[in-house]
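Pasting the structures here.
Across the two complexes that follow, subunit A remains constant while its partner is subunit B and subsequently subunit C.
Let's turn to the complex of A and B:
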């Protein structure tokens, strides 16, 4: 048998899950979609004593809009996010990025909360959360914490979630008005983890960029924003020279990893190019969205 | 760096109900290819190993055993998933459909027939998983676009065919009346 021996519990509520984590915390692993954890088990890279399978907690699977945020339950399957008209309308950046997560067969099981909690340095969803300045809801014995993305991702495959805590919800702020977004990545094959991925969000003000946000995946221990490039872009016209300079500024501070898939130098080069392309695509979509916005609002918009 | 914003507790600390303690074995009941199955399994046994070793359904193949190759793909409640990334205990109460459900006795399923006709397989190792993904695609999209076929096949590795024969087979099977139906699979909602 491939996985190492463990004991298994399947709580039916968040309270039950927390009770199990309180008892077995550091020795326990939470199992959601299993598309990252089970490979690690099968390769025996992790050997938890107890697996806490949260799949029976059906009430952790939901997608809803509340005010200016899209709330996604931790157990929501990635495939359901992909199919959601609400996601496509409210947070197009998430709808675009989710299709780059693995394959349909993986997304049928993989969850949004699992992808965020696993915090793979080359995963797409952490970069989406970073670009949107999103938050993660974590529940533990002391109550609920709402953690901003920049405090949530603490390093390579590590997060601020304590051993007795559970991620219950991921909150994606809706993009500002007159904005457009794009998620671009370069991977060896479609469905692979990205060598480099870039999320871009651009807000238009007439012919200028009012504000821009950029987030990388695959080039650091976790998702990374590009503050120098973002500051440079504010108030400028998106000429090819400006976008290229933004790419240079965004890539300059990066120290991407060297591995068998790509060298650090190559990743940096790709990062600069992807920033330029993602900004251009986001700008164009901001224009299209603005035109669409002039139409009468749809009933559930 | 701070610890993040601490919001008012929404979930009050709960004195938990008695939770069944974690166990190393479990008794599961599930439906496999239309038949009810009950078994006691080690909880670390993957669904793929359970299908092959406990139920003798060796049509489901295991390649990489970490979710990359797609050979072990089966349907869980109708959706294609990797059976190497799911524990048998997790399938309790659910419906599993394997490649054995496709053909009826000696009669090949229209998809299998199309694979034979279009050289959609050579060694056949990857074929069971591909058939299950393709079957689900044609059930949900009787006339898929080329892009939909390619996206579906993207989750499968085949080292013999170069894929073109597989793409041809799926597109040829699309639109044949029975391509999206399986005798043993109960209708899903």
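Let's turn to the complex of A and C:
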């Protein structure tokens, strides 16, 4: 388990990194936290000609709020997101989900941009991005592109990022007012990739669900929204029957993978269960936020 | 004050060193001029080797040598040694160091490359070309025994390596007259012990001195040395095998020999350079032995009151591609099954079966978890079918305290009769029931149900055979510094020998445990021994230590008597000194006694039997010791997701006299963690082509601290009459009953769904399937 020979480059700026990517194209691999790339290298499953280590590019690590968005620099460690008071206030869904990414040791190295760019079909952060209708900022020789999540994730472990482009920022829209969120997953062990995971966002309006968003991980080639269930929920009271029906509607179109850790049937059944539970939790949190008298503007700090 | 260290919670002597990164594990050892080996391993489960082309590899950068079977001298080209033969083992097949004609499992080594670095060696492996002609894989155990099955070893003419039956009483008559007979099929799937440190070998050859030094992560350094001595035709004293600090053994490191243990020393001797090979994790999954897969068709015959009249099990044991270690695992499974119960009529019959998978050999539990799972499942089936309380059915069938020694009527793995030395099984159960508050369970269960929670209480009893012979030895020396040096060849893989042995010595010689330096697993320090396995080190080596310490004590008193001009029996050893009893002023430090025992002039009396405060003793027990225990737990099930969680876990354990409760509890906790893995997380999955799909820790799931509950432990001490210390083995105790325990708890929790657990390991998916299959029977108001 030693990697094949490769060249190593450690650019100090995005421009330098892009120059290397332009030179090597698909033969280059970007190293951020290395939590996925290094095992793939050691198992000789990837054989890049050059590793472009972007870790020295310090200005790619930040968490800041701009308007109704939380901007997270691609090189921001997952652990920093977890520890951020701003994240906890502004995007509680992200704060909740990030704790399910591996273990503290992994989150100390792993980056937000790396998780998004690697696009593991069972990763948590892509589903958070999908639930929030987030965007990814990518720079390349032609300039900067801001790509909506639905165009960013293009398939199993693949994204819209070109071989000469670099992910520089992930943008998480703040949840709407009077909303609550929840991220639930079932994994074989704490810290594993999810067998099924669901991000739920519920907006309240006088005892009814004004709008709901649901995003799955682990049940498709990338994160998946549940448009039928979301449409069904709009304007309804969150009775147990309604939540259960939303679970059924959300799970019905899924064609989850079958593997040694869980069958497709299992994932589909549990997806429905998690939707029900996540909606209930998100609803309760929306209520709690309101009861606490915290208007969204206050919460944003 | 004379402290007694035996039985005390003495913190481990080795911990400061190990916890601060000052351990010396195999990969920490670096020798001048050292080079690195890597192996080309079969990617196919079963294939004929048509051609091996290593020319490109030989010219790859940094390569010193490339070895194929054809490059090996005759002595190491043939099959590796057969361990532990058995009359029933008619096809005792072992692998060759490098496959030249045929490969029989994924991961079998075919080519060894030695290069300047491991990186360059692995680069060179990519230039090796091996043409393989695929043969049909033999994966499924039941398919493997069909007459038309493809053969793993053509010359055997069958995939059945052994067919062996042990019988007690008249089983047919017992079943014929029974009020009830219950049958069940039980499946226990493959697992791996997954030590934190994989295997590794470093060999260095001093051609001038003709001295071979081998550092090896083995559990049996003496036996490795003895084998290498025969193989390389070197005197024993020209070979030193050292087992350094080892990050977990758990059984598979007792194999003698793995191919690399022969090939790496060979390469070192050919090249005249130290050669190191450290197994990587992916290699470990296919190149280090597995265990566990057995399929039992079992039945139990009882009278109307649930008293056992007879038990019968007919099972298949997965040997894998070879069976170097013999029939130990299926024999231990057969012999552990009866457990603490009186079973007057018993039939245990197995076939050990070749498959095109990694070979199997003992792994912590070594058949015991299988036997306990089958027996405990049968007992609970009886309780359920007869409407009796689970604890009461066990009570009715226990061997009673006055019945020891109790002859089970079988022949155990040490070829001795299976005779339990001592025990108090009813008391173990009763204490476990009190600890888990069994009487309060109906009320707690009702409360859980009202809260919509699905929780079950599980019980599992077991007997753990351990402490078998043939022997271990020890040499103890009081050094001129007054410190004590203990040498035994029994290796240590984390069991706390540096402390437990030191406590025994400290009591005999009146010193503190930290004044006792123990060296283990170095053939250069002590040249005789068997190895660390079968929960035997504390029993067999521990008693050798006690005997040697006693002899040194007597010698010390004898020498000191002259120095102090007192009678030996008026002297006492305390605080590192010998003193006249009651006269603290008349004393001499141990170090001075040691110096006096090795004088520069004069003579030494014949009664000293040689110079120095030193003695060597051996302990050879007639047969094994038998510990026992009961685990009880409350387990919650999320019936919608199939996830399980231990709410409480209690252990009552009896391994005779306890040397150090701290170490013992660590053993039990670690064992339970491993057992939880066996029960719910760890499964080696082979596809129908014989490919191992679980070759990383992302797919082979070890429980982490988040999956292991807090464990409450109580000890009962029923001494063994078979050894001076009264101790029994405890190394495997934690692991053995966990699958049976989880099954018991899940049956209880999921009664309303009609779930009956008959297989291990489980998974959320499998539990959901079982729950869904019984969902029709769910009464209203129960469950989530």
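In this section, the second predicted complex is superposed on the first by the 292 of 301 C-alpha atoms of A that agree within 3 Å, B and C clash if a C-alpha of one lies under 4 Å from a C-alpha of the other, contacts with A are read in each partner's own complex, and residues count from 1 in each chain.
Assume a residue touches a chain if its C-beta (ideal position, glycine included) is under 8 Å from a C-beta of that chain, and two chains touch if they have at least 3 such contacts.
Remember, predicted model here, so these are calculated numbers, not experimental data.
With subunit A as the common reference for superposition, the partners subunit B and subunit C occupy clashing space.
After overlaying the two complexes on the shared chain, residue contacts for A:148 are found with subunit B alone; subunit C is out of touch. Using the contact criterion defined above for the overlaid structures, shared-chain residue A:50 touches subunit B, although it does not reach subunit C.
When the two complexes are overlaid on their common chain A, residue A:1 makes contact with subunit B and with subunit C alike. Of the two partner chains placed by the overlay, subunit B and subunit C both lie in contact with A:190. Once the two complexes are laid over each other on the shared chain, residue contacts for A:158 go to neither subunit B nor subunit C.
For subunit A, the partner with contacts to more residues, out of subunit B and subunit C, is B. Shared contact residues of subunit A, touching subunit B in one structure and subunit C in the other: 1-5, 39, 43, 103, 189-191. Touching subunit B in their complex are the following residues of subunit A: 1-11, 14-16, 18-20, 24, 34-35, 38-39, 41-43, 50-53, 55, 79, 102-106, 108-109, 135, 139, 141-148, 151-152, 160, 189-191. For subunit A in complex with subunit C, the touching residues are 1-5, 39, 43-44, 103, 186, 188-193, 195, 260-263, 266, 269-270, 273-274. Residues 1-14, 16-17, 19-24, 26, 42-46, 49, 65-67, 70, 73, 76, 79-82, 84-87, 89-90, 133, 151-152, 154-155 of subunit B are the ones touching subunit A in the complex.
Within the complex formed with subunit A, the residues of subunit C that make contact are 118-119, 122-123, 126, 280-282, 640-643, 681, 683, 685, 693-694, 696, 698-699, 701, 703-704, 706-707, 763-765, 768-769.
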